[in-house]
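Shared between the two complexes below is subunit A, which has subunit B as its partner in the first and subunit C in the second.
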Partner chain A sequence: MTVIEASSQALSLNQRIRALVFSQEGVLLLITIVAVAALSALSEPFRSVENFLNQGRLLTEIGLVALPMTYIIITGGIDLSVGSIFGLTAVILGYTWQNLGFPLELAIITSLIVATIAGFINGWFIVRVGVPPLIMTLATLALYRGLAEGIAQARSARGYPDWFYQLGQRDLLGVPTQLWILIVAAIIAAIILARTPFGRSLYAIGNNETAARFSGIPVGRNKMLIYAFSGLMAGLAGYIFVSRVSTTRSDMGTGLELDVIAAVVLGGTSIFGGTGSVPGTIIGVILIQLLKNGLSLTGVTGDSTIVVIGTVLILSILVNNFIQRRSGRMSS
Partner chain B sequence: MGTPILELQNISKQFPGVKALDDVHFEMQAGEVHALLGENGAGKSTLIKIISGVYKPDTGVIKLEGQPVQFNNPHEAQAHGIATIYQELSLYPELTVAENIFMGHSPHRRIGPFNVVDWRKMFEQAREILDSLNIHDLDVRRKLSTLSVGNRQRVEIAKALSQNARILIMDEPTAALTEADVVRLFDIVRLLRERGVGIIYISHRLHEVFELADRVTVLRDGQYVDTKLVKDTTEDDLVSMMVGRTIDNLFPKLEAEIGKPVLEVRNLERKPMTRGVSFTLRAGEIVGVAGLVGSGRSELAQTIFGITPPDSGEILVDGQPVTINSPAAAMNHGIAYVPEDRGTQGLVRQMRLRENISMAILRTLTQQGFINRKAEAELAARSIKQLNIRAYSVDQVANKLSGGNQQKVVVGKWLASQPRILIMDEPTRGIDVGAKAEIHRLMSELAQQGLAILMISSELPEILGMSDRILVMREGKIVAEFDRSEATQERIAAAMMSAAAPNNANGVPQPAAMQEA
Partner chain C sequence: MNPKLRLLLVLVMVLGVFTTAVAQEEKRWDGADDLPVNPLPCPVKEGETPEEPPAPELKEYDGGQPVNPPDLAGKDIVLVDVPKLIGIGYFAATTKGMQEAAEELGNVTVTTDAPTEANIDEQITFIDNYITKGVNGILFAANDPVAIGPVLKKALERGIHVVGYDANSVPEAREWFVNQAEFNGIAKAMMDSMVAEIGEDGAFGIVTSTFTTPNQARWIAEMWAYTNKCYPELKWLETVEAQEDNILSFNQATTLINKYGDELDGLFGMTSVATPASADAVTQAGLCGKVSVVGLATPNAMRPYVKSGCVKSVVLWNPVDLGYAAVYVMRAVVDGTFKPGDTSVEAGRLGTLQVVNGSEVLLGPPFIYNAENIDDFDF
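Take a look at the complex of A and B:
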């Protein structure tokens, strides 16, 4: 083994470009660009600015929930209960406003607090009781959905005041209002993950939780935080969804967790924990949404669309594995 | 000598950024125990992975009994009679001994159109193989998870023989064994040698090489150094061949001024393994903690460091009582802990060197809450320099470093926290002699600068060589204390095992390293 004096020098520009091209995000971005180009060539309605903005409106809910999901999966956990928290938030919003007579502002805040608590309960049991995340959130997936159904009693709440629809149905500066929220949230989430000790701790926990704890990292506190954050974002997404579709029903968000997890994993976050990034997740969310939209606009039926998305997911995981092996993060 | 059973010529292997093996030769006769020596990172593991078909060499020839062969995967190597017993055993804990031995090639019989496992034959044949190894006390129907490590290893050897192995590679087989198990293992190795099996034996324990091996090949930095008859060489020769220089002193203990007490522990309790421990640690002092595996040494360290906070008792830092209920609290009081198991407790191996070294103090390397990457890289570079870590860059993934260098990274991480109390748990376990001497020198220098060091070790020479005072633990208590001047191996060993230790049939358990002196 030839030994070279180690240097504190950062990577050269050339190395940085190579690193980007060979990163999961780079590959995914390439796939996305190719997909957009191909779909644009095939479909006139697809390539309109209006369509892209509308797709931005539709993907916001999944995008918001995917941010904390990225954190959670990086630590080696999972949160299956986000779809149920989403539905529970919607129901509580409508119920407290319509049936309990809360002012709408207070109803919104109440529902978001309930969502955060629902997420925190997941985190508390996972950390303090040691329930595996998969089991805990599978249980609350049923529990929270059951609560939503019990409260809603198959009724739906409608007839919100006009200002309520600003968030879900209107634009701000020519862009769907909720898309601004996603953009800001994604930037903050990306910076926290990539640039702060908290973000670094998530990678350490996902790669080796024991070593993280032995290094003085508050492992339990950080894990509870991200599950609570997941609850809050699922709640926020639920609120935006109600504003977008003008009604609340207890089955809202059913299956949301699978779309979110698919986007996160497509974005290069390893389901085993330890790697992943917010930009990757956002590209994953966009790619899935544009594939769904573009394929349907080019006349591909819904069933075939799902097949294409599944194929893209598998391909991207193969590419990810290849890259991981190259970088030596996985043992051969 | 006849045609060698195994011959490797001009083997080279390059990994990205590393020349792991450079023109290496190796040759072994049937019925020979051939030791393979070298520091961590010298290329031993790469070489045995090439022999066992895990890696393909970039250049060079492998010959089995004179015939050139090529292995595309481990199965092909196995088919040629090459079996490997790795450090981490590759057995199935939930299956029986016999099933493990015949995993993948169990005897079959036909019932109508079905091919089914012939259980009776499998148990009989497993019994025969074990008998042929003079192992008569192992029930082939027992689940593996109920066996001791030594017995599991015997199963692994039996498994290799069931595949008609002619070449057996043993990678640090004694690392986790008790003395009684080591003796039995050596008996088996000698038995296999008589039967004409060629055995490649890798160990960091030189006395084992002299006890067991016929010849020894030494690698250094991926290059072939020499092959010698064991009877024509000495320990000092081998060490200087391995490190490329003579190590004048493995235990460079320097005079340090011993100051005020910095850590006082009074009646510390944490059930079940820490039971009323009291001691004092002074600035500039190295206190060694000896004891058998399971005597509660690591548990004590982890209680002081807040991983398992105490149930009762007092910890005083600089004479002030402190509450330590988490590692973060311990760090705030200037305590650092280099844990016993660097793979699972010390390092995040998938992460970069820079990220590992900064891990414990990352919050101090921030500007407005953001990680200051420049400061982080500089810290890592300073550590690399101070500890002489052999790495290509601060961005290297820790996994790619050799064991000794990984250990230095863990030490670097904790020195970065600028502790005043450093607890080191087995600081040199499983690392090569060169890195060992470097870590010992560093400890001495740190003590000279006024650091208080509590060193847990299972190696009595290390305890004797480095400590100012020695505490002996047994069953969660401190049972004896010796000054440096009055300590001897015999006295410490006696205190470690004395009256309370049951004299069972397998003999008194002994610290693995005692025989190394």
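Take a look at the complex of A and C:
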């Protein structure tokens, strides 16, 4: 009796380990560990703590925007306007502070509010007017960038007071300040997605929106919330970027959306909706950043690096699909 | 009509009007950096006395200095060159010049590595990686003068020498900047070449990279000042942004041609990408001889258009010399033979180069390529 119980427990533990290893995140984590080990062996500066912390500083902006992007892609949507909201926030921050004479604190808050509204406008039109997310955010990708350029008038705002740079250029407790924000935001975003009714409702929407609606899930409200959240995070990332590079330009964040979507999809979120997780996304962000950094440090030049990154993206998705299919066959 | 759709349309229109209103609020070209413009004297006409050129302003050294750099005088040094982007003829030419200088000097290794797009964020990341990797000196051409500042200051703090070329950063973030040509000199050469083709009452458009790119913005500001001073009858139609992108430049030039039709007499290309693209757009529109193209570009890219007679003058310095000078300046800085306060520096086959504006090394006056001399150059 006890023997049988023990063996069944052992089996379940074994199964659980297998489930973890063969999960999307597990496979990706494995790839990341292999890549980091290989790059560490090849390059001494790569394996220093200082380098890893510095890379944390550089990936924060993409990481922050990738969190709401994970939510949105899980619901089967997409947000292409994040790069433009990023630029618009930077410009509004600089413009309200330098041209309208706002105190800097107020300028930061104003720019974040504008970013949230920009995201909410996306969500409102997608939900209430029924514009497909791809079309709506493609339109606002152009519209918000145009606004940023119109307001900035080719002028950049510079010369911020010293405290402003704390967020982007300095450390807090030995870790880049902005990395703390990403860590906290990622933990909260992961818990909300995995453990709350709101988070679970996003999966339901992505799997079958009509069914979700008939199950009494406030589909419209939840979608508007996540697009507004996307705007807010793009704005926050824009603010951090301004603090890091100490100037504003209307072309900031151009192409950001593609880097973010690449990281989210690499992290195992299905572009068709219904599956995905925050830990996966974070591993995706880290893997891309460390690959770029490590390849550069081992002497691979920029043009070859992007070829390698593209190859790794395809390979890891292939490996992932292969293992998923195998494990699916085994369990059935 | 669906009322929500109507609301969408109204919103888009309101935003459009708002943007246009903001955009037209101020029509001035000031280089986006609050620096003063300094137009050169107008060309002398018959019966007029020439205006005295403005006396060069003496300015104190305003560059930054590395913190405790290792003493590498005469020793082998490893340099990295991070231009705005790689994969275009212009920066391939500066790279060639750097390799020539490195070969002549014998104790310099220089590697060129940069993003494939002119992107400020990526360029910063590249420089950051090379600081981590450890090099003796960084050569750069900035995508944004301020944004690149923090990472260059970080390099100086680690005792790495920093010299810029082609596109400057804020002065305190680098030791020296090798200036290919002064902005007002380029502006004068561009405007005089254009007026020679379209007359003093022609109308022209400009295709540039972005309104905030340091060099292009300053040149346009100087062209604006010089035009106001010397050619008040010239009509400045429109300036359009085209990044440094071939297809976008071609499209923007074509848009200008279609938009202004007969009114358009000339097009300026402000980048080595925009000028051949504009010449191509004019050629394809069948307007060679009707619409003149003047601009900054490399001879190889412009050769077909100069040969076909569609383009008469191409303004530029020699980018091979620019890269060559940058490496010589870096070597002199590392060796301690070129220090703050010096007024000139020796640069191999280029001879002695003068220091201007405090911490800049001037390459020389701009050069105009035309049908007679373009075959002497290959880059």
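In the analysis below, the second predicted complex is superposed on the first by the 307 of 332 C-alpha atoms of A that agree within 3 Å, B and C clash if a C-alpha of one lies under 4 Å from a C-alpha of the other, contacts with A are read in each partner's own complex, and residues count from 1 in each chain.
In this section, contacts are C-beta pairs under 8 Å (C-beta built on N, C-alpha and C of every residue); 3 or more make two chains touch, one makes a residue touch a chain.
Computed from a predicted structure; not experimentally measured.
A.B. asks: Quick one: classify A:Y203 as touching subunit B (first), subunit C (second), both or neither.
C.D. replies: The answer is first: A:Y203 touches subunit B but not subunit C.
A.B. asks: Using the superposition on chain A described above, determine whether A:N51 touches subunit B (first), subunit C (second), both, or neither.
C.D. replies: second
A.B. asks: Would you check which partner chain A:V245 touches, where first means subunit B only, second means subunit C only, and both and neither mean what they say?
C.D. replies: Touch status of A:V245: second partner only.
A.B. asks: First (subunit B), second (subunit C), both or neither: which does A:L104 touch?
C.D. replies: A:L104: touches no partner chain.
A.B. asks: Between subunit B (first) and subunit C (second), which does A:V308 come into contact with in this model arrangement: first, second, both, or neither?
C.D. replies: neither
A.B. asks: In the three-chain superposition, say which chain, subunit B or subunit C, touches more residues of subunit A.
C.D. replies: After superposition, C is the partner touching more of subunit A.
A.B. asks: Which partner does A:G255 contact after superposing on A: first (subunit B), second (subunit C), both, neither?
C.D. replies: The second partner, subunit C, only.
A.B. asks: Touching A:L147 in the superposition: subunit B (first), subunit C (second), both, neither?
C.D. replies: So A:L147 only meets subunit C here.
A.B. asks: Touch test for A:F125: subunit B only (first), subunit C only (second), both, or neither?
C.D. replies: second
A.B. asks: Overlap of the subunit B and subunit C footprints on subunit A, residue-wise?
C.D. replies: None.
A.B. asks: In the complex of these two chains, what residues of subunit B are touching subunit A?
C.D. replies: On the subunit B side, the touching residues are 16, 18-20, 41-43, 221-222, 307, 326-328, 330-331, 337, 339, 344-351, 355, 359-360, 362-363, 366, 369-371, 373, 377-378, 380-381, 384, 389-397, 399-400, 413.
A.B. asks: Note which residues of subunit A are touching subunit C in the complex, please.
C.D. replies: These residues of subunit A touch subunit C: 43, 45-46, 48, 50-51, 54, 58, 125, 128-129, 131, 143, 146-147, 149-156, 158, 169, 241, 244-247, 249-252, 254-255, 292-293, 296-297, 301-303, 306.
A.B. asks: Over in the complex, which subunit A residues touch subunit B? Could you list them?
C.D. replies: Listed in rising order, the residues of subunit A that touch subunit B are 1-4, 6-11, 191, 195-197, 200-201, 203-204, 207-208, 210-218, 274, 327-329, 331.
A.B. asks: For subunit C, which residues count as touching subunit A in their complex?
C.D. replies: That would be residues 2, 4-5, 7-8, 12, 15, 18-20, 22-23, 25-26, 32-33, 86-87, 111, 113-117, 119-122, 124-126, 128-130, 132-134, 144, 146-150, 210-212, 217 of subunit C.
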